[in-house]
Amino acid sequence: MNGIYLLKRLITSFAAFCIAVTIMFALLRLMPGDYITMYLEAIYRYAPPDVVEAFNHVYGLDRPILEQYVIYLLDAFRGNWGYSFIYKVPVLTVIGERLVWTLILLLPATILATLAGIGIGAYSGWRRGSKTDIALLNSMIIIRAIPSYWLALMILIIFAYYLNLFPLGGYVDTGALTTGIDPLDVANHAVLPVLTLFLFSVTGTYYLMRSSMLMTAGEDYITTARAKGLDELMILRKHALKNAMLPMVTLITFECAGMITGSIFVETIFSWPGLGMLTYKALAVRDLPLLQGILLIDTLFVIAANIAADLIYPLVDPRVQVGDDA
Amino acid sequence: MTGRYIQKILVCCAVLLLACCVPAAAGIPGDTDGDTVVSEKELATAILDHLTAGRLSADELSLAAHNSLHLPYGQLVVAVAGDRYLIPATSYIDQKGVPADSLIYEGLVTKLRPKEGGPKEYLGWLAERWESSDDAMTWTFYLVRNAAWHDGTPFTSADVRFTYEYFRDHGNPDAPGAGAYLVNSAIFKNVASVECPDDYTVVFHMKSCAPLFPETLATGPGIAVFPAHIWRDIDLPSTYIDTAHIGTGPFAYGSTIPGTLSKVTAYEGYHGEKPYVREVVTKNYEDEDAQILALRRGDVDFISGEFGLSPRKAEALKDAPGIGICRIPSGGQAFEVAFTSDVYPATIPEFRRALSHAVNRERVCWLVGEGARPTETVFLLPALAGDQVNPATNGLFSYDIAEAKRQLARAGFNLTEENGRPVLLGPDGKPVEITIPLAGKASTNAVDQKIVAVLKEDWEGKLGIRIVETPQVDDSVYLDWIAKTAVHFDGMPGRWHEDIDRLDNFQRSPLGENYYHFDNETFNGLITELKSTADPDKREEIGFELQEILAEEVPCIPVFSQDAFMAYRSDRFVGWDAALLGGGGNIRLFSEIRPASAEVGLRA
Amino acid sequence: MHKKIVLAASLGIVFAYCAVALLAPVIAPYDPHAITGAPLSPPDRDHLLGTNDLAQDIFSGLIWGTRATLLLGFVGAAIAVTVGTAAGIVSGYYGGLIDEAVMRLLDVAMTIPIFPLLLILTTFFRPGIYLIAVLMGLLGSFQGVRLIRSQVLSLAVADFVVGTRALGAGDGYIMARHILPGVLPLAGVKFVTSAQHFMLIGIGLGFLGITDPSVVDWGQMINRASQNGAMILGLWWWLIPPGLAVTLISLALAWLGYACEDEINPRLRVMRV
Amino acid sequence: MTAMSDALLEVRGLKVGFPTPEGLVRASDTVDLEIYPRETLGLIGETGSGKTVLGMAILRLLQPNTIIEGEIRYRGRDLLSLPEAEMQRVRGREIGIVLQNSGTSLNPVYTVGTQIAEAVILHQGLSGPDARQRAVELLDAVGIPDPVRMAGEYPHRFSGGMRERALIATALACRPNLLIADEPTKGLDAVTKRGIVDLFSEIDRDHSVLFITHDIETAGDLATRVAVMYAGEIVEIGGAEEVLGDPAHPYTRGLLASLPERGMQPIPGSAPSLITLPSGCRFSPRCGCAVENCSREHPGLVEVGSGHYARCMLYD
């Protein structure tokens, strides 16, 4: 049962990856304008036809389309994602360097947002209709309604510039050149972007947890627990929380995928050299190989999150033998 | 080395004993006459002051001493816009060779910004002086003798020859490996061979007459000399990642934090005048506004934006305390309305001429803001091209709607009215409609949109030409777009409009085209003639003639040029106006400025 | 009572926005593309919110921008909900192989990150605003399928459906007359939440500078303002109003969505991303 | 009526209302009843008559916004005015409850043994292993085969009947004096149902039981006394034999007549909405014996036999 389900998941993941690659391949061929011309344009004002031809040969663009596709697909699996136009190094290398920095923002932001979202979401759902619940719910709705990029701009202006509390961008201070990278210094630089990402993410987790808690709070076993004479806190902690958390496992993985999106705006505004800023730059100069790499890495990220959720789920919910797919 | 310092300091102490009391002024501590140089006398005064009244702190005294002895002191933090401007810009290396504008590497010569209307001037870099044969077929460069690479290897003429050979061998599109095409190799295209008669002399033999070879070498960021001992074994510049950055420049590579910071430090063994600043740190801010905030806050000392700060921002910074603005006349971009001469209605010269009289440059400049200068000359910018501008062609494109209407009428266009709006009917009787693609090189600071907004008022509102702005198209299709549309905008960064040689832009290239699809036989012939003559008088004559043809044929309408603005912490560094150069001149700039506040020493 | 006020207020805001969008040519004092004064002039009687760097009236731009935002939100959401509901009903009603196929396809589709894909597509094809809305709607329809399907699954075995089938009704009839009304409230809530989501995304695209520049939209206004140093120059009237305008409509939709959700089933969970 | 001190639990004038957007749902209206030690009181009524609400109200398990009036005296203490902390001591230890819907009343993420042990640990202060041992004993006592293994299983592994037994074991864990069983036989097949009924007939020797059911036969088998509820009111109460053998209220008679072995004659019409109750006697619109006065006056409980009361105009 377990094995079959996981196999199914792996097959879908594999298919998803292939489709992502295929989309990029199609884009590459369908794109208005010419990939090589653009590449040369980026460097030089003109793209002489003979040079374009030579490049086409180097990139194998003069071979039959099917052959190109197969080569492209195989290359994608081999981790050969091409060269970035802007950085002139293999795409995977660029992404590898940036991934670390994105994770430095994403991990604390996600963990904090998840914990906080679950905590206040659970409280809010448990105390449904109370003043605190309504206040929390409305403030979350408001935060959610503010466009994240605008929020990031405002946070930058207020906290970094007017209040002068944090650096204006980058991830280390100039001192790092002599002393090396100091984790505390990085943390100081990360505060504002993490805060923004946290705000961006916490509302989602909160909302889901609250709904989940609302469902759970009405369950019969909660009444049973109460009938046993357990106090409210114990019921919340022992009986409600664990059950309300179950749907969260899957939903948090979705939130994670969404965070990558948020990081595009946040990293750009805070000059944080992660994947988000890389995406922004790649978009600005239409660096297709790099964008493809980012899309593929995002896909892999989601796949990994899904598989992780699949593996975690049966651990927390005894009812689910991986495989009850409903 | 240290011995020399001690000696100098002892001299200072001796002077100190003889000095009399003069109060220290603002600016560089100790500097009393405002020349930003602390003379030994001034220093002595300062030291005395320090001892008697304690007016200067020990740090300030140290700063004054460093300035006086011309010893590097303090840290300068420069903001850049984008990590590709940080020192380890591998992207430059595999596209263009080692970067000449990185403070680390140097070329043979660099260019000085000419005085308005004056002649061009060059400055030796690794070449002390240079000369050409009368027919400009041979150029001889005499190199500086005391230059050494940052790793101690002496710099010789072999390095120069190696640079030529490296470009020759790797500038070839058939070279193996992706991205191995060094575009700067075009600079050496005309070189037949390089000879090294001795260690400090290099002779370039040209394929054809090259009266402007130094200009070619200094164009853009300029071409830097490769360290032969490092690059000798590297076949594929695209796969080599240089981590040592061994150059000959005034600053040597220090360290880097990827994507955000890099540092260079003053090179002890520099062959020229040593910089006053000990360290230059480049800090990346992706956002120009963040740069400005950082400057205001004092996190950085110098910002320049990507093509200079926008005029509005420079204006806003002008009165901020502790901040100074420097302006480089026409140092930003120059913009033009360009025609595609083989697309109707731009095929009709009268139409092009008519439109040239319907560009309200003053109004565009008013929209753009301070530092925008209407261009009334033909293609060449007076601030850059100096005496090469043909005065007879000045003002031929002046704003004159009546003249525009006359020109149109002459070519068979018919200006009618429909629903109270003017409509221009072409010679074929159909209403004239022009599609203008936005983006491209004129999109910085939305200049293209500003131009089109003004053009719409005149072209649509007065001449009855319907204008359709196409959705912004990306760079890859921009060239296709402009080849299909009659009118587009172009912006030229740097010093494109600076030399008559650059008028070859309008020549029908051997590949059969040019940017404007302009094809004038006389013009093509004159350019060929220009390129084969070294006689200055003849060249000037041809240049003037070329400009007359352009004024008549109007393949493009120059609109305005933009001054470049840069902002700096005037309370920390002085000497910014000393010798501002274009292009690779930043190296020179950072060697010239002096710390003015002890604070900058404390950071290092 | 409190809930009703919130509901009325959010409905009011949505209608007000719609009215502004429809009446833009009447309300806006200027053509948003025309040069109407000095560039970057502060607010005064002629220009309620001053002018931008192209000397265009910001207030008029704000008014006209309503159109783009509402269009992206509502057209996108309409497509997403229609596609999602149709696929969800078919998949949930027929079950079996069809369901399996749809669910597997969905698994695959949901694995590909939608927003980056949308960014890449819009960057390279530069579609007009309608196409962006359609694209967003199609890419955003996946989540709806699951939501609707699970509801259909319970409806399909409901007595009245089984009963109607026993009476000899065809699948089409049952789906249209019995299943569809059952999932409509859910689809309605999804519509409202998707509209909010798509508006924010649409404005995000504008902010990244990859939407149609001939259409005035708030994202581009914010982008333009921040690119031209509104923050540095202290031009709050340029940077703040479009941001507030987005926030307000997005807030109204969020409240509306929440109120609707509460209304149709207080224990219902509508998944949002 | 018997003296107050005799009763284990005494409900006086209990009114329970749920505020909803449509109006106040009067789920229980001026209910009076008492449960004596070691007796089983069967509470009968149709679905929606307010039986469950009554059971939940005794332990204060209803939603916080529920409006409750009246008195619920357990051993002389008014449960409605007890502080929450003290109420928690009553729940499980003094009064146990077996909720309806055995399928969802056990927490799916904990083993059955853990859930039973929980109450034991809480109220009797047993250590973990001891409480587990006790849980196994309880499971054994309620007739679960292989109790040691089953205590370590999750609820979804249990069949419907076994879940019911497990719930009963949970409710009995701390030996409460009163056990409220809410429809424990609901949704069970005949054989399983029999087993549960037998289980109750064994346990009610030590405890008082409030047995809530719509199943008149089960009530007849187990109950010593029977109360019949209709539309939030008790319409008839008395000894099981009297009420079921010789029903006084037309509704009770109707209920009995609808049983399969008595001809399966359903009561015409349907139960009224608890928001808009009919004036006068609430059963009058459906009552075959109704007279004109019935729809005007609301009848009180009238003693029709020894300890046998009915709410009907016929006896006024």
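Letters A, B, C and D mark the chains as written, and numbering starts fresh at 1 in each.
Throughout what follows, a contact is a pair of C-beta atoms (placed from the backbone, for glycine too) under 8 Å apart; a residue touches a chain by one contact, two chains touch by 3 or more.
Please read these numbers as outputs of a predicted model, since none were measured by experiment.
Within the contact network of the assembly, the step distance from subunit B to subunit D comes to 2. A count of C-beta contacts for the chain pairs A-C and A-D puts A-C on top. Compare each chain's C-alpha centroid with the centroid of every protein C-alpha atom shown, and the nearest one belongs to A.
Per-chain Cα centroids separate subunit A from subunit C by 22 Å. Each chain gets a centre from the mean of its Cα atoms; for subunit A and subunit D, those two points are 53 Å apart.
Separating the CA-averaged centres of subunit A and subunit B is a span of 40 Å. Of all residues in subunit C, those touching 2 or more other chains are 123-124, 226, 231, listed in ascending order. Residue positions of subunit D in touch with at least two other chains are not found. Among the residues of subunit B, those in touch with two or more other chains are 287, 293, 474. Remark: the chains found to touch one another pair up as A-B, A-C, A-D, B-C.
Residue ranges on subunit B touching subunit C, taken from their complex, read 287-289, 292-293, 310, 312-313, 316, 366-367, 369, 438, 445-446, 449-450, 453-454, 456-457, 469, 471-474.
Contact residues of subunit B toward subunit A in the complex are 75, 77, 82-84, 90-91, 94-96, 173-174, 177-179, 181, 183, 238, 241, 254-263, 281, 283-287, 290, 293-294, 297, 299, 474-477, 479-480, 511, 515, 603. Contacts from subunit D toward subunit A in the complex involve residues 56, 59, 61, 65, 84-85, 88-93, 96-97, 99-101, 104-110, 115, 118-119, 122-123, 154, 156, 167, 170-171, 173. By the touch criterion stated above, subunit C contacts subunit A in their complex at residues 2, 103-104, 107-113, 115-117, 119-121, 123-125, 196, 200, 203-204, 207-208, 210, 222, 226, 231, 239, 243, 246-247, 250-251, 253-255, 258, 266-267, 269-273.
Interface residues of subunit A facing subunit B in the complex, by the touch rule stated above, are 31-35, 37-38, 41-51, 54-55, 58-59, 83, 86-89, 97, 101, 156, 160-161, 164, 167-172, 174, 176-178, 181, 268-269, 271, 273, 277, 280-281, 285-286.
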